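Structure incoming, see below.
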């Protein structure tokens, strides 16, 4: 399992290729998700996102969430990379990938990890546009999805 | 939307990178799944899979399934690549990827497309090992998952 | 002339994946075709009755065994599908 | 000396994300700390009462407002989390 919280831009393609390359013919299923910073939110342009985090706490909590996902599903490996700091439109914010023998476990793990990140990871997202900045807070839907997973 | 049924080996990493590159800062969410040919099934080694298909029918049916997925979810794009013929252990069998504004739609589309492929796509999978060949047929679980989607 | 196709496990049972047949005029439905096959090859006849076997006439899935096969160019018997 | 941290929207309201305080001996719980902050800055005091705000004492999430803050080095007030 690798959990990386980083201020540096990363290539989800390259990270996913490296993650999948270590499967050695064993895993049958690779599910993944990449969240990108969009150039628009609704009808207004977005210049960048700023992800505030709590150094020393964010890393520990995200790792704890990833360990919970790993414990709940039969996985061969799990990868979580999350940007913090300033993220330009078009750049990747988050990559989650799971290798498993079975597709259902791989899908469930990635989906659940994303739901956890949305509501349980100590990070705060601010959208910066021409008109100024605004904080993005989780939606009722995010919380509802989170509630579907047992604690 | 691209739907490819091919006897040629493909690189899921390269295909996914190309698919994601055309998003132009618009899509916020990329979900994907890769199914690989495993080197083992349970405790016995697998040399390769052979995927029989029905030329002229398989292509039409898989495209029809992909169109149904596209119609049911708010997607920006959908990619389906499926190998047929002889597939060596370690090679990719299938890649499904969906670009969307929202992660829930992207996840649902990929997961549903995989479920359809398992039970509704005219393809027949045979596992070839040292001891001989055996046909793989969908499990009760595959059918149960498929039943969760409306027709 | 009608081409019968067999896929998956059925291609092993049939001993081939493709068979050109001159079907008699009495074979007008999928059900009649099953009976005709069973009369000529009882083992294959039983195999195409197995649960999960699907039939396509001219590359269109059949919903009922009463579907017409008259003049069909291609009729496929398919073991349970297993892509992905 | 205790460091108070404010994250998300709360860092805007507090006007800073970090504040070093000499908390009085009477501030022994999270509830008492909220009241102490509200007395000094009513707007911030109201903001930290908002739904979804979470508190961590020494980098551990609080479950109850009755949790002890005595001798805490770091207490964080966090707007609703929004990663991913």
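The chains carry the letters A, B, C and D, assigned in the order they are written, with residues numbered from 1 in each.
Convention: contacts are C-beta pairs under 8 Å (C-beta built on N, C-alpha and C of every residue); 3 or more make two chains touch, one makes a residue touch a chain.
Just so it is clear, the model here is predicted, and its values are computed rather than measured.
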| item | value |
| --- | --- |
| Shortest chain-hopping distance from subunit B out to subunit C | 1 |
| Chain located farthest away, centre of subunit A as origin (C-alpha) | C |
| Cα-centroid distance, subunit B relative to subunit D, in whole angstrom | 49 |
| Gap in Å, rounded to a whole number, between the CA centres of subunit B and subunit A | 23 |
| Centre distance in Å when subunit A and subunit D are each reduced to the mean of their C-alpha atoms | 27 |
| Centre-of-Cα separation between subunit D and subunit C, whole angstrom | 73 |
| Residue numbers of subunit B (touch at least two other chains) | 35, 103, 114 |
| Numbers and ranges of subunit C residues touching at least 2 other chains | 84 |
| All chain pairs that touch each other | A-B, A-D, B-C |
| Touch list for subunit D against partner subunit A, complex | 5, 7-9, 11-12, 17, 52, 56, 59, 76, 78-84 |
| List of subunit A residues in touch with subunit D within their complex | 35, 51-52, 54, 56-57, 60, 62, 82, 93-94, 114, 117-125, 135-138 |
| Sites on subunit A touched by subunit B in the complex | 12-13, 16-17, 20, 23-40, 89-90, 101, 103-104, 106-107, 110-111, 114, 141, 145 |
